[in-house]
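Next, two complexes with subunit A in common: one pairs it with subunit B, the other with subunit C.
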Partner chain A sequence: MLWLQLAITGLQVGALYALTAVGFSLIFGCTRIFHFAHGATFVLAAYVFYYVESQGYGTAAGVLAASVAAVGFGVLMDRLVYAPIQRHEGSFFTVFVASFGIGIAVQNLVGMVFGRSFVTVTTPLSRSVEVLDGVYVSPLAWIAVACAGVFFLGLWFFLRRTNLGTGLRALADNPELIRVFGLSPRLLSTYAFALGSFLVVPAAVITGATAGLNPALGHHVMLISLAATIVGGIGSIGGALVAGFGLGLAESLALLQFDSQWTEAVTFAILFLFILLRPSGLFGRAATS
Partner chain B sequence: MEAYLLNLGVLISLYAILAVTLNFIMGYAGIYSLAHAVFFGTGAYAGASVALNFSASIFVMVPTAMLCAAALSLLLALPALRVRGEYFVAASLGLQVLAVTVFAEWKAVTGGIGGLIGIPPVDIAGFEIYSPGSFFILSLVTLAAVVAITRLLVRSSFGRSLKAIRDSESAALAFGKNIALIKTTSVVISAALAAIAGSLYAAYMSFINVESFMLDTSVLIMAMVIIGGTGTQLGPIVGAALLLILPGALSYLSFLPQTEIGSIQQILYGLGMAVLMIFRPGGIVGRGRAETGEGEA
Partner chain C sequence: MNTFRLCIVVAGLHLATAFPSQAADHQIGALFPLSGPNATYGDIFMSGADLAVDHINADELLSGELSLRYEDSQALPQRAVVGMTKLVNVDQVPYVLSAFTGVSKAISTLAQRNQVVAVNGGGVGPDLAQLGEYFWNVIPLANLEVRGLVPYLVEEEGLKNVVLIYVDDPLGQAIRTELETELPTVGGTLVDALSVPTTAQQFSGIAAKVRAAEPDAVYIASYGAQQLQIVKQLRDNGVDAQLVTYSGYSVSEALALPESEGLIYTTQSVDYDSDDPVTKRFVDDYTAKYGRAPTAYNVNYYNAVRLFGLLAHALEDKGQAVTGANLLAERMATDSFDLVGGTVSFQDDGTLVAPIQINIVTDGAGQPVATVDVAD
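What follows is the complex of A and B.
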């Protein structure tokens, strides 16, 4: 039953990957900004939740504070860093370097404030229950998968059924044309950042309770989100979701064959092959070359 | 103090070699690689293995390291031919992560996490280069040679073809340039030259492990190029010197808490990158906002 156990763990990990990747994919798809500091958003949200929770204010207050921190950071990044860069040039690489720099600064700042060792949020929900003979699942695994489903459906309805959602999809298609309709691409881009950053909160909170936190986690989260976005196909939010789950499963099931040190390599071997053989990803619209 | 300065001088020269070679593909071919530490590492491991098992002669060690890195660089050339922009950066990131895993796990060659110890000092025609002073001269001479080679290449017709590809691939194609060959050659040259720095680094430190060749190193090298000025001759060297001198200078400021020095350095370096990109994307040596990236994406 080892494979079943690994598959369930993979689904749980994959759900968290999918949530962060969908946020990154939304931001990247809409604004074309390579928001490398997305991993920093994740770390900030996770640590704010951990802090508020451990001070005894309760889970709800923790989630609220984490959401404010994540959305605030995302919007500030857009306004203070990306907007000025885009005003004069906005080449992909300039944006990437600035974002990377901020990511490094945040990681070290969090390390200075909260310490560099692992911390975990303790909750009875992370205790595993034997559901089948030799297969242990913690309630958090179901919560993670459910969160991914609920948030994705919510996002889907938002993008299809609301004016703001339509605006965001228009931004992804053609930022110049938006101006003709009297909308501001800058304002819409800020909304994309707010929404995309908010989507990391559930993943950040659940990671705090399952795998534990440390400030260097942001890097890993970012690399996975990037891999899932590209494997899923840039511009396809559903693709990011599927790829997030797929990468989580692949990483976990790889344990059947390889030692645990190789799991990250499995993800990136998949990414590398996709870029070589199918750069448009699973659901991408058109391949760039 | 003198030993400290000589050590710093050696490290600046070696990192400047890395920055100059990365600038060669970044600034002139438009190939933004986040995997340069892979070739630094390949050179170091290959050089160290040769020195430990066969001969510490510079004429054996360095060419072997260069050959290994050149062969491996074909893995990076492959995505460079297929994709651009964010796709290529992602591919190079993938290669970097894969390489770190291999460096850390291929115990027979790389010694695993523990790394390789007791690497003999480099030997030039019977003279062992032991003292930091003579090693500093060696690394300086090597840096000068690498700068001369890249300068020559950039000014040749090959360099003009590279710049043409960077600025417009389709235009270069229309002029009958063999884009695949030119790009691959530039990646191979850059990796092979970076491997020189790697093998000298191994001989100088006499100990290497995976810690020196991780993504952080790739980012550091990239930051040296960008902060100094992408696509300029002098920029990468200025960037390397600046980023290596700054941490040392910072530890002299006594009002900073000593335990947090590392973090403060990293924060300043991160913020510095961001601020520079906002106000002066061309780098310190660069002309205002010229020559960074192709602005597509």
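What follows is the complex of A and C.
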């Protein structure tokens, strides 16, 4: 039954990867900004939730505060960092370096404010129970998978059935053209950051309870987001979701065949194979000259 | 007139720098993780080292003021080499505090080449005993910890089948080798050894593999935030076997983790209730300054700085310069030192000898259950 256990574990991990990656993919797909500080958004949301929850204000208040912090940080990044850079130069590399720098600064700031030690959100929901002989699943695993499904469906509905969603999709396709329709690419970009940052909250909260937190977590989050975005196809929300689940499953099921040392490497081996054999990813559109 | 005043000032500055002051200040260095996932250790190490500096300056043990120059190693060998190069070439310190096995091994060649003493109080990889005469350890190394623990585990607790989860670096590899050697000698078995990368954060899959192996005990050889993640995720994912680890776990945040309850870990033996004046002063002042009881790491870095104070004091008494070479010669010429924990001596390889204490986490704190003398 080890394979079943590992498959269920992989689904839980994959749900967290998917939730993390979808936000990054949305921001990158719509704005073409390599938002490296997405990892910092994750860390900020997780620590705000941890703080509010540990002060006794409850889970709902914690999620609300984490959402406000994540969305606020994303919007501020867009307005105060990316917009001025793009206005003056617009270089992809300059934007990346600025984002990278902010990510490091936030990591240190979180360490100073919340402490640099490991913290965890204590909840009975993280405790696994035996559902079949030798197969353990925690309630949070189901919650993670359900969250991934609900948030993806919600996002799909939003992008397909609302005017703002249509605007965001148009921004991804042709930012210049949407000016013709009287829309502001700058404003739409801010909405993309707000939404993409909000999407990281469930993964941040669940990670705080299942794996625990430290201020340096952001880099790992960013690596996974990047891998899932490329494997799924840049700009494809569904691709990021599928890739997130796929990478989680591959990482877990790799334990059946490989030494545990190599499970993380599996993620990047898959990424490497995609870059070589299918650069446009699972659902991305191939670039044409 | 202005030119005259300028000449006076320049001449004054020249005179002030031409002759060293009689009370020469001393500076030593430290390579601690001050950022990154192991930054929490930096805080712990600094608290012990800073207190020793306070005590040495308050006692006027040295002719001048002692200060400590910190460089951030992030517990990474490459960063540590950059920091060590700066400490040796720019700050020109004769004595550097080091931590973590990989870091210590990386900087040891620079220490040897530049005749700068490097003192480790946190890394426990057994290789650290063979890094040359300028590399000292004020902490018993992991081979001694495992050697002390294994008979207790198998013979006293009846835990014969052990699974090891180890980080794939010199520390983890050394503990694996030690367990493979020591367990069979007392009738135990290492049923599986699962290595994990230093960057891994998810261990629910590892927990499934551990459960499948049905061990009596799980030995965890990791450090920093990762070792806590492993303990939490093992317990959350249904691993009920006895958890066992080494001195890297003796930090308050680890002991306070609810999932740590009942965990067995080893440290060097320190009697914090001792009436020995050095120990008593350390315990009282540490508790007063930081509002918490000291742990072995605090002791080690206090001792590392105190050791410098004692050696430099002896050199000053003899009218010799406080250089790395002289510090080494003075240490080799001295039989024993009064440090926290009692009077101690160094082995020929520069490693301090101390008994190993076995502790069980009870109500968020380590309770000693046995002390093992492994010197022989």
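We take it that the second predicted complex is superposed on the first by the 284 of 289 C-alpha atoms of A that agree within 3 Å, B and C clash if a C-alpha of one lies under 4 Å from a C-alpha of the other, contacts with A are read in each partner's own complex, and residues count from 1 in each chain.
Assume a residue touches a chain if its C-beta (ideal position, glycine included) is under 8 Å from a C-beta of that chain, and two chains touch if they have at least 3 such contacts.
These numbers come from a predicted model, not from an experiment.
Engineer: Subunit A superposed: clash or fit between subunit B and subunit C?
Structural biologist: On the shared subunit A, the partners clash.
Engineer: Please indicate which partner A:A216 is in contact with in the superposed arrangement: first for subunit B, second for subunit C, both, or neither.
Structural biologist: second
Engineer: Is A:A98 touching anything from subunit B or subunit C once the two structures are fitted on A? First, second, both or neither.
Structural biologist: Only subunit B; A:A98 stays clear of subunit C.
Engineer: For A:N108, is the partner it touches subunit B (first), subunit C (second), both, or none of the two (neither)?
Structural biologist: A:N108 sits against subunit B and subunit C alike.
Engineer: Mind working out whether A:F34 is in touch with subunit B, subunit C, both or neither, as first, second, both or neither?
Structural biologist: The first partner, subunit B, only.
Engineer: Quick one: classify A:L76 as touching subunit B (first), subunit C (second), both or neither.
Structural biologist: The answer is neither, since A:L76 touches no partner chain.
Engineer: After lining up the shared chain so the two structures overlap, which partner does A:T122 touch, if you call subunit B first and subunit C second: first, second, both or neither?
Structural biologist: second
Engineer: Applying the touch criterion given at the start, work out whether A:T9 contacts subunit B, subunit C, both or neither, answering first, second, both or neither.
Structural biologist: second
Engineer: Have a look at where A:S252 lands relative to subunit B and subunit C in the superposition and call it first, second, both or neither.
Structural biologist: A:S252: touches subunit C, not subunit B.
Engineer: Should A:A269 be classified as contacting the first partner (subunit B), the second (subunit C), both, or neither?
Structural biologist: A:A269 sits against subunit B, while subunit C stays out of touch.
Engineer: Looking only at the overlay on chain A, choose which of 80-88, 188-196, 206-214 or 242-250 in subunit B hits subunit C.
Structural biologist: For subunit B, the listed stretch overlapping subunit C after superposition is 206-214.
Engineer: Shared contact residues on subunit A, subunit B side and subunit C side combined as an intersection?
Structural biologist: Shared contact residues on subunit A (touching subunit B in one complex, subunit C in the other): 107-108, 111, 259, 261, 264-265.
Engineer: Give the list of subunit A residues in touch with subunit B in this complex.
Structural biologist: Those residues of subunit A that touch subunit B are 32, 34, 81, 84-85, 88-109, 111-112, 219, 223, 226-227, 230, 234, 259, 261-262, 264-265, 267-269, 271-272, 275-276, 279, 288-289.
Engineer: So in the complex, the part of subunit C that touches subunit A is made up of which residues?
Structural biologist: Subunit C reaches subunit A through residues 35-37, 39-40, 42-43, 168, 194-197, 199-206, 208-209, 211-212, 224-225, 228-229, 232-233, 235-238, 251, 253-254, 257-258.
Engineer: Which stretch or stretches of subunit B touch subunit A in the complex?
Structural biologist: Residue list for subunit B touching subunit A: 32, 78-79, 82-91, 93-95, 97-98, 101-102, 104-105, 215, 219, 222-223, 226, 260, 263-264, 266-267, 269-274, 277-278, 281, 289, 292-297.
Engineer: Could you please specify the touching residues of subunit A with respect to subunit C in the complex?
Structural biologist: Against subunit C, subunit A makes touches at 2, 5-6, 9-10, 12-13, 107-108, 111, 115-120, 122, 126-128, 130, 134, 136, 138, 210-212, 214-217, 220, 251-252, 255, 259-261, 263-265.
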